[in-house]
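Below you'll find a set of structures to go through.
Here chain A shows up in two complexes: once beside chain B, once beside chain C.
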Partner chain A sequence: MNTYLQAGVSGVMIGGLYGVMALGLSLTWGLLKVINLAHFALILGSAYVTYQLTTSTGVDPLVSVLVVTPGMFAVGVAVHWVIERFHVDELSSLLLSFGLFIVAIQLINNIWSADFRQIEAAENPYATRAVFIGDIAFPVPQLMALGTALVFAAVGFYVLRRTYFGKALRAIAYDREIAGAYGVDHRRIGMLTAGLASALAAVAGVLIGINQAVFPQLALEWVGLIFTVVILGGIGNLLGAVAAGILIGLVSSQVGVAWTPLGAPVVVFSLLILALLFRPNGLFGRLGE
Partner chain B sequence: MRHGRLAALLALAAALAFVPNVQDATGFPTFYLVYSYFLFFWIAQSTSWNILSGYTGYFSFGQGAFYGLGVYTAGDLLTREGINYFVTIPIAGALGGVLAAAVGALAFRLGSLRGEIFALLTLAVTFTLSAIAQLSTWVDGGQGISIAVPPYPSFLGEYQDLIYRLGLAVATLSVVVAFLIQNSRFGWGLFAIRDEEDVAEELGVPTFRYKMLAISVSGFLGSLSGAVAALQIGYLTPEGVFNLTVPLLVVVMSVLGGRRHWLGPVIGAVVIYSLQERLTNSGLGDWGQVVLGSILVLIILFAPEGLHERLRRQPRRAVASGVALVVATVASGLAGWGIASDWLSTGLIAGTAVLLVGRPAARGSGKRRRPLDASHAGDAAVP
Partner chain C sequence: MQRQSLKRRDRRPAVVLAVLLGLVAAIGAAQSTPAAVPRGDPIVVGSTLSLTGAFGATGVIHKAAGEAFVQWINETGGLLGRPVEWKVLNDESDPAKVAALYERLISQDRVDLIMGPYATPNIVAAQAVAQRHGYVLPNHTAVLTYALTYPCQFPTWSAGGKPNLSVPQTVFRLLKSQKTPPKRVAFVTNTGGSTNFISYGPPGSSEGGAVEWARKAGFEVVLDLKYPPAVSDWGSIAAQVRAAEPDFVWNSGLALDPVNLLQAMQQLGYRPPQFLTLFPAPGPLLGMGDTSNGVLSLTLFEPNGKLLKRMGKKAQEIVAEFAKAAAANGLAYRVFDSQATASWTAWEVLVAGVRGAGSLDQEKICDYLLENGTDTTFVGKLRFNPALHNFSRPRNLVKQIQDRRWKVVWPPALRVTTLQEPD
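Let's turn to the complex of A and B:
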């Protein structure tokens, strides 16, 4: 019984990490109609920068948030500027960002090689720490991921609901023309949103860097998983994305214990197929409705 | 005109079938046969993709599912059940058609499943098959399968000749099917679905039936080509077969070549594969993906209609780039030139690419552009 419980706890926390990774993707897809495959490359790139920074200078891995977040924000703004400039539609944005994705993965591969890279335990003050409740371990890096997911989802939900920026963004998502007629500047709001989504990728990357070893092919493994999370959560629904991430993490961990870890992808992708067929708006609806 | 083109296509294929005999007689490098096989493979795969995704506009990321099903059907039936290899090819094709029809039956029943949701559904199917291949010890189970040379009639020549000829046969079949579909009422219906599905339905196009037919044909051809690829690969692993190379490259090839014409994916496959092969052989393999990705980005931004459309408007450029590509390919295989020939051919291909893309057609080059309706006239002609 304890095995199941421990696996479940780990699953929920890993699921929180999936949630953080899915937030930015969900945001741009749902609200800007841009399917950004390059999001995964930004996450991976940020994880590598975190690794490099910590390994070369010995600073706390969390410090790299200060570097990668503004950096990725700029990248996101730049890419969105191009998308606006050339009037790239939703499907073409998928192809465009796919092109950027393979370029980025190959560059990462050329810089850091295809080997596994992990921050040394000596330089990673979080890696080996865990909080215990009874027999159940709560590793600190995973707790950080879950906490980040919950906080960001809540903040994002509030911003979308209550602030001018959020309302303008939703207005653009519903009808760009009409929103424009009411004085909403879709260019500025769009670029800001794209930048924020990329900054979320940067945060996810730092968490990945703290949590695990990275290698270039990792980004490909994320694609199916995180798309599943975004779709199950409802495209554009930030709370849904985190909830779906936790759900996927939980299901994967239980399948892993009860059957075999190899069985988890079969179950997850079968879930995705069912969701696409019967709940294409996700389990919780789109845009947080 | 139509029969003439078809006859020319078949004549070309028949002539190509004798290239291995010429090789036996003159002894030019086997490299050309392997290289040509891969061209045939990519032509077949991207044409298969285009029949579904280019013609109907239903974008698929699931070519890997059809391809992988074909590879593993042939591999498993051959090595585990000892079935005659030539029997496994049509079985693989049929299974591919059935899988495609199943995906279609689920997806096309639901009107909401368009655009990116359909694309992701097909991707999920690929991931699921991959996970099953990892899991099932009959399919693979993570051990890998090595394929021994199956017995085959001696008139087909050496092993590489056999693979070459099978590849050629499947590629020819794919291109002929794509050609016939494009020039039929069925193809016209598919184009109508791509342009405005609801209107097409209103006007009496049996959209569901046509989409089912298109996806089944696409799945059949994709798996057929996969069954032949099993021989060329030789050693199958789930990671190797179900990785994203096939689903992604067919998209890049077809988008580059042009999705609205049967010739588009053929052009795209030849250009992209040649380019990739050159980069790898010149020791620039590390940059191959960077180049591919950049091409995709540039094409989406500057020439979303694809090369075929562009070349049709500028026939002189088409001829020049075609010649450059042939010269580059021949140069690349000449033994003894060493690095020099690699760089020469890479340079030529790069030059070809510049020539092909050239100035953005949308802006500035108004002089030689014919009116749009004239250049599109051949697109959807009803027989």
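Let's turn to the complex of A and C:
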């Protein structure tokens, strides 16, 4: 019983990390109609910068948030400027960002080589730490990821529902031209949103850099899983993305204990197929539903 | 009589002088005559390596080792008096690309010789092309021995023709040599080809692998868990290992698997008494500090002080040159260990074949190697056994992390320190 409980806790918390990784992707896809594959390269790039800053300067790896977040915000704004400038539609954005993704992975490969990079234990006070309640361990890196996911999703939900920026953004998502007729500047709001989504990728990257070794190929391992999280959560639904991340983490862990870890991908992707057939707008509905 | 002795006495200065002159000449020759400079058109060796993609992290090690070898051979007279040039292409870890690129190297670029790519699936893909064109294929990292059927492929990964039997034999012998051998063993296996093979044996065969042989050797197998090549949640695997309460964890894992598993177990506040992993990325494991202390793994060679010193100056120079090449290739871990050893040895096999044949004739090279084998710098004499797909007799060294360094602890004849047993 304890094994199921511990595995469940691990699954929920790793699900928080999936949630953080999915938030920015869900935001741009649901609200800007941009399917941004380059999001994964931004996460990976941020993880590498975290590694580099920590190993070169010896600073706490969390400090790198101060560098990568504004940096990735600027990258997100620049990419969105290109998308706006050339009137790239939703499908083309997938192809364009795929190209950017490949270029970014190769650049990372050229800078850091294909070798594994990991912040050494002496410089990383978080990697092996955990908080215990009884026998149940709550690993610190995943705990940070879960907390971050919940806070960002809640703030995002509030901003989208209660602020002018959020309302304007939703209006753009429904009908850009009508929103424009009411004085909403879709370019400015779009760029700000793309920047925020990339900043979220940066935060996810820092959390990854703290939690594990990185290598260029790692980004490819995320694509299927995180797209599943976004689709199950409902595209553009930030709370839904985090909830779907947690659900997938929990289901994977329980399947791994009750059956075999080999069965986890089978169950998770079967869930995706079922959701697409019976709940095409995701388990928690798209933005605005 | 007196005359004779005088005669002898008279000769002494001349003999001494001659010996001295000889010595001076020999020392002078050794110091001043450089190795003959290779001349003529270069001998082109073609190969692919996975410089990006899933095998990229290890592929780069083989690039560094190959570059160091080519530099070394050109500085020491070349091959058949000619310089050697290495044409290496990036196969992006894709066996389909491997086959196409070897076809190009042989048919279009008309390279003189070929060297195998990195990792079993790629080697198997290259093997088909090499066989079609009759090229000799030395290769450094083939573990799925049953898939290497071409008579002129020459593997240097020395776990023997049946690593599913030889690896567990070595490990269990080591375990049983301890004051208190473990009783309860947990197996945690990556279902990727090589690791799965060592845990369970070849498909469709009754040979079995480490899991079955552990039972036969009298160990209680308390967990036999398989996981897919890409895992995100190591926490649930770690929880199952902890619950099984093993004395010894055997992780048939690759690259970062042991790092992730050890970290997840540490996060649960759990540390198994002993932990072995098969094919780890050695650098990141060392970077874990105390968490990985005592971890065991297998190796072909480690440049440990005593072992390296025993091998002589040439080996020491190679290790140093490799470190430079590794730095130039952006590698974080620059130690000449298993992968680099296998690579260097494969190049030595190729060169020995050409020198033995006295030409670039592929058939003669193949025949020479099959008949004579070759001496190597780091793994001794290699004899290629056609009955075991040209794999040599096993040479499994066990290494352990002690004081943040990998040290050879088994077999007794080659170890540099004793095994650190659990408390």
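We take it that the second predicted complex is superposed on the first by the 288 of 289 C-alpha atoms of A that agree within 3 Å, B and C clash if a C-alpha of one lies under 4 Å from a C-alpha of the other, contacts with A are read in each partner's own complex, and residues count from 1 in each chain.
Quick note on the criterion: a residue touches a chain if its C-beta (ideal position, glycine included) is under 8 Å from a C-beta of that chain, and two chains touch if they have at least 3 such contacts.
Keep in mind that what you see is a predicted model, and the values were worked out from it rather than measured.
Visitor: Which partner chains sit in contact with A:E90 here, chain B, chain C, both or neither? Use first/second/both/neither.
Guide: In the superposition, A:E90 touches chain B alone.
Visitor: Check whether A:I14 is in contact with chain B, with chain C, with both or with neither, and answer first, second, both or neither.
Guide: After superposition on chain A, A:I14 lies in contact with chain C alone.
Visitor: Please determine whether it is chain B or chain C that touches the greater number of chain A residues.
Guide: Partner with more touched residues of chain A: C.
Visitor: After superposition on the shared chain, which partner residues are touched by A:F101: those of chain B (first), chain C (second), both, or neither?
Guide: first
Visitor: Give one of first, second, both or neither to describe whether A:S56 is in contact with chain B, with chain C, with both, or with none.
Guide: It touches nothing on chain B or chain C.
Visitor: Using the touch definition from the top, say if A:S113 reaches chain B (first), chain C (second), both or neither.
Guide: second
Visitor: Given the touch rule stated above, what does A:P265 touch, chain B (first), chain C (second), both, or neither?
Guide: Both partners.
Visitor: For chain A, give the residues common to its interface with chain B and its interface with chain C.
Guide: Residues 106, 109, 260, 262, 265, which sit in both footprints.
Visitor: Can you list the residues on chain A that touch chain C in the complex?
Guide: Residue list for chain A touching chain C: 2-3, 6-7, 9-11, 13-14, 18, 106, 109, 112-122, 127-130, 132, 137, 139-140, 142, 212-213, 215-217, 221, 225, 249, 252-254, 256-257, 260-262, 264-265.
Visitor: In the complex of these two chains, what residues of chain C are touching chain A?
Guide: 51-54, 56-57, 59-60, 191, 225-228, 230-233, 235-240, 242-243, 255-256, 259-260, 263-264, 266-269, 281, 283-284, 287-291, 329-333
Visitor: Okay, in this complex, where on chain B does chain A touch?
Guide: It comes out as residues 59, 106-107, 110, 112-113, 115-117, 119-121, 123-125, 127-128, 130-132, 134-135, 142, 243-244, 248, 251-252, 255, 286-290, 292-297, 300-301, 304.
Visitor: In their complex, what parts of chain A are in touch with chain B?
Guide: Against chain B, chain A makes touches at 35, 82, 86, 88, 90-92, 94-96, 98-107, 109-110, 220, 223-224, 227-228, 231, 260, 262-263, 265-266, 269-270, 272-273, 276-277, 280.
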